[in-house]
Amino acid sequence: MTRIDGRENGELRNIKITRNYIKHPEGSVLVEFGDTKVICTASIEDKVPPFLKGLGEGWITCEYGMIPCSTITRKPRDASKGKVDGRTMEIQRLIGRALRSVVDLTKIGERTIWIDCDVIQADGGTRTASITGAFVALVDAINKLNEQEKFQIYPIKNYIAAISVGILNEEVIIDLCYEEDSNAQVDMNVVMTDAGEFVEIQGTGEENPFTKTQMAKMMELAEEGINKLISIQKEVLGDDCLLIGTGGNLTNE
Amino acid sequence: MTRIDGRENGELRNIKITRNYIKHPEGSVLVEFGDTKVICTASIEDKVPPFLKGLGEGWITCEYGMIPCSTITRKPRDASKGKVDGRTMEIQRLIGRALRSVVDLTKIGERTIWIDCDVIQADGGTRTASITGAFVALVDAINKLNEQEKFQIYPIKNYIAAISVGILNEEVIIDLCYEEDSNAQVDMNVVMTDAGEFVEIQGTGEENPFTKTQMAKMMELAEEGINKLISIQKEVLGDDCLLIGTGGNLTNE
Amino acid sequence: MTRIDGRENGELRNIKITRNYIKHPEGSVLVEFGDTKVICTASIEDKVPPFLKGLGEGWITCEYGMIPCSTITRKPRDASKGKVDGRTMEIQRLIGRALRSVVDLTKIGERTIWIDCDVIQADGGTRTASITGAFVALVDAINKLNEQEKFQIYPIKNYIAAISVGILNEEVIIDLCYEEDSNAQVDMNVVMTDAGEFVEIQGTGEENPFTKTQMAKMMELAEEGINKLISIQKEVLGDDCLLIGTGGNLTNE
Amino acid sequence: MTRIDGRENGELRNIKITRNYIKHPEGSVLVEFGDTKVICTASIEDKVPPFLKGLGEGWITCEYGMIPCSTITRKPRDASKGKVDGRTMEIQRLIGRALRSVVDLTKIGERTIWIDCDVIQADGGTRTASITGAFVALVDAINKLNEQEKFQIYPIKNYIAAISVGILNEEVIIDLCYEEDSNAQVDMNVVMTDAGEFVEIQGTGEENPFTKTQMAKMMELAEEGINKLISIQKEVLGDDCLLIGTGGNLTNE
Amino acid sequence: MTRIDGRENGELRNIKITRNYIKHPEGSVLVEFGDTKVICTASIEDKVPPFLKGLGEGWITCEYGMIPCSTITRKPRDASKGKVDGRTMEIQRLIGRALRSVVDLTKIGERTIWIDCDVIQADGGTRTASITGAFVALVDAINKLNEQEKFQIYPIKNYIAAISVGILNEEVIIDLCYEEDSNAQVDMNVVMTDAGEFVEIQGTGEENPFTKTQMAKMMELAEEGINKLISIQKEVLGDDCLLIGTGGNLTNE
Amino acid sequence: MTRIDGRENGELRNIKITRNYIKHPEGSVLVEFGDTKVICTASIEDKVPPFLKGLGEGWITCEYGMIPCSTITRKPRDASKGKVDGRTMEIQRLIGRALRSVVDLTKIGERTIWIDCDVIQADGGTRTASITGAFVALVDAINKLNEQEKFQIYPIKNYIAAISVGILNEEVIIDLCYEEDSNAQVDMNVVMTDAGEFVEIQGTGEENPFTKTQMAKMMELAEEGINKLISIQKEVLGDDCLLIGTGGNLTNE
């Protein structure tokens, strides 16, 4: 099978991460998975939600949005409808969980890091692009904090990235574009760390259930794809990622 | 390890499904997974959502709620807050997808089947109990339609049930109660059919990522548990489940 | 006239109150007035609304809901509509007023007792069943507080119960089921204490105004019915109601 | 006892009804019960709510509001809070029921008559003033329709008015002003027709339950007060009320 | 050209300001610009919005509403729709800005003055009538504060009033009534002080853009009109406006 | 005076308009006024709002949003607050009016053109940048329609652009950046066509009223600025703007 855009089954789209995309937030990137483009920002607020007050820990939370014309048919604004829809809520909860899983929240002080993922052009995979890009914005924001006050322990423990896999015409493929996604029998999002461990697996076979063999194949492709994404994150961050996972006690340096 | 309630790692809680629990809806059951108790109903409305109008197909949709005192600490009503929270949306979307996956919606006419899952006592696993119970309510509702107008093709293709698995103290366990769930490193919900195929896998390791080996063990336990749940569904339904999956052309009988 | 379900004009439906119906709240009952079934719970929160802060008094408030399939035609969830409807508000305000009227709120400390009445099956009279059942749940909750900290003065001053009366085909009847209620010319709800005093009278003759003679007859029937309900409450509570109305100074016992 | 404003226990405040108070709606009055001032309007819309479509009948519905500075302490706007509070809902439902009870809705065609009661100064009894004043606005609106298209049967069957009664310092009094109302043990609103029949009785003894004797005394006072209000309505309407209750077949005139 | 109501192009409608219109708020007026009638109140709350807390300054804010039957076709309540519409927001923000511009907020203490403008009859120019009337209510409220605690510096610096101008059939006219307003090519609202300075100019030529010459003519007419309005304000206030703009140090008097 | 960023009083920031910025909508540009960056899109829907149904005319409407990190301090999403704030409403109404004023809506058929202006980086002047950029997106969208169905009369009558002017330290300046805007005594937005006519003037001197002389100076600067903006629009559009204002009857070409 040739895929609609000529890719191999296991081939990612063209991936691009641009740092410092907008000027106000502590971290901001434009992430592109082919035609999918998302602005991911990380901004720091010096307070925590009520359930954490006084515990000395921090929090990471995410909000996700799409500008109305990012989609093929204009999508009415959540604000005009007066509420956030279910899909948006699922995505923002997913991104928040993913990023929290690689940060030691007890090390960042009583702060909230707000992750905002705003899709400006959508062509499938906005949630996986968001996680992959938001991680880079998060590193930039944490590093800015680190410059100011030298964490005793550097709070980021691992890299994290996400990719979609799925089954289309009985074949297992990776990083589905919109056209593929809307015809796929099975759609699965996988979030993994650089340690090769799973943080999140969400697979749905509403149209067609899937077998254990297909499951295994999807997991294999996902792992390869995530490894590639993490090497792109490393390249983009350059020296700014040296502390990740070292737990480096900075006061001794 | 002994589990908090004395179960083996692979042992389900006491499962009970009571049919015809309330009188108005076409199908209604009380499903109990240990101390978790959910009223699941299926009621039929003779119209479909706008996006299906005129296509001759039907729809299945789900709403999920908890009475305020079902939880340890009273949970304020969604209605009082004026909106449905993110967790509720995720759960009702999950239940809807699961049930739609085993019904041929083109065979039920221009109707919506409303599935309501109302938790009256919560002790972990409300979404898996809901799917398992709601399937039985759905069968009862479809059978009532079938009595009235004899479907040409019986629309239910497969049984479906769901169970949670997770990792606690490094051990893989099934059907987590609330106490276990709130301490688990990994929490995964699996939805499967009687054909042994996956409809949905949702696993999260926010606290601790998980390895491929752990993943395999969780899937194994889940499959065993779901097989047990489906045999309970069959027993409870008795002769009323004979048409499931036969595609039986009723007009010839 | 024979009533639709064979009852005499002054005869209540089968009344049943089951205590300890769900495990988390301090008090919980299932109350049944014939086919009307309501879960009534009383749960204690250690704070009061802003208008009472610092006064040393407590508060009792009520919320009322119906699960969607409790009614003949499925009732959309308030939460999905994003607001509480007028009827619901009227009912929960009525239940709250009724229960507050028999409790000395200055004696329960700075606490809120939340009363939740969740209808799981509706067949007329849900508000009167709610008041009657919620009183029992309230006694259980207050007694749990009493065990912990021995009130100086036991705060419950009287029993309270409620019943509906109405006029159907020119005859005055009690405890109307849904079918009767929807055809009645006059519908009246009466809330009384065991001292034979009125706490609330709400009568509406939208279809047909009513005369003073009819009014008198309705009040007479209501009083008889409420006396029966209170004796059922006493029986169900057994020894747990011995302190009601005694004002007993517990510290001397 | 002398009342706070020098009235006798059974004495109404100064009652004034000004017709044609504002120019756009079909009927509009300013009603004053002492310092309580309400603008009541009746306006006609040529369609009915969905549940009446195609039945050839009409509908009367009411909305009630208070301008923020009508009360002693400024009351925030419902609109700013984004929802209508419970008290407002109760009042507007009460007014709607009261007016519908004296109109033959099958005679007004497929129309909605919107009753708006906007309180510009509040001093107790706004709901009873609203009903009493809105009736006059309603007559004006119906008469305008009648001029245009000569009803076969004049649709207004009876006069209707409302008054509050209550118990303060153990004495039964009528038409409570705000000061009295906020100290009363019992507060009761009575709606009656000129035939001396009850349309609505709503009495609450949250602070103090009340006895049958007190109940009888309150009803007696209410009846006297309502008779006075109806004679004021008649006087204000003059010749414009001649058709009320005659069922007059206009086509023969 | 003769205008629809016989006025000259530069002639205001009949202007009337009635002070002390309702009894609870510190200042209240009924302002009439012809058939446009607005109740304007000023009420004082002893706290400020969060952004001013602890700064020792005060705040003036405005809310604007229309009773449903104030307009030709009944306007549904904002509260029923659950939100404030865009036009209402624009108007209340405009009125707030206008009044704040003539008051030294650092002199009124940590207080909020709530301005409410409730339109009871609308015939064009409700926002300009509101500003003009609300200023008088504001003076009354400030004077009440002044009586209690003698401001060191009297906080009102200038008179302020507002008027509409526009272009209809190529002629520049002032104080447009509804009929004129809905046919005008250009609609402009001007807010000025008694020093002849502009506080706000808002002109829109959606139907027809306008030239610099027309702009100049509109400004000229507006200035004349505002001078007339301010002289009416002075007359109505009498001795109660003697301190405006004097900055008078009251403690020396 | 030297301005904060070294500009002359009458000098615009660096203006840049990038066409075809995102791929789905019919027209899309990125407009930059210095550091202010707005994505403006124009997308076509084949239906009109209810008030235009069946009239054969079209409509242009605008929605405006800011991504949360576009501002110095993260701005919470309207969607999370469940409502659109007053400033947003004012801006989107302004943009809509401006664009409608230069299009003959009777010539575009029963269609709605949705203008979305999404600010991705804010540094003052987002509403004037939005109008200026959205005009270009609108031309692209209209031209796409024109290619498909050759309008008889080309519907765009004029160019339109907008700029801010204001008074800072007693000097009149143009195109204020955020820092200037937040300190300005007077802030005025002017919308003009290429015919030198005003479509909208909105000036506010909340901090300091302004004189007629200052007003004249501001108008002069605004006119110069808008002429420059329109020449940039022309350059960016190239041959694609040849039909604007010609009223060209395309069927003869």
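Letters A, B, C, D, E and F mark the chains as written, and numbering starts fresh at 1 in each.
Everything below uses one rule, namely that a contact is a pair of C-beta atoms (placed from the backbone, for glycine too) under 8 Å apart; a residue touches a chain by one contact, two chains touch by 3 or more.
If you're wondering where the values come from, they're calculated on a predicted model, not measured in any experiment.
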(request) Count the smallest number of chain-to-chain hops linking chain B with chain D, moving only between touching chains. (result) 2
(request) Specify the chain most distant from chain A by Cα centroid. (result) D
(message) Using mean CA coordinates as chain centres, what's the gap between chain A and chain D in Å?
(response) 60
(request) Let me have the rounded angstrom distance from the C-alpha centre of chain D over to the C-alpha centre of chain E, please. (result) 34
(message) Quick check: what residues of chain A touch more than one other chain, meaning two or more?
(response) 82-83
(message) Show me the residue ranges of chain B that touch chain A in the complex, using the header's touch definition.
(response) 83, 86, 89-90, 92-93, 97, 100-101, 158, 188, 192-193, 195-207, 209-212, 215, 219
(message) Applying the document's contact rule, which stretches of chain C touch chain B when the two form their complex?
(response) 22-25, 28, 35, 37, 39, 41, 43, 45, 63, 65, 67-72, 74, 77-84, 88, 114, 116, 118, 120-121
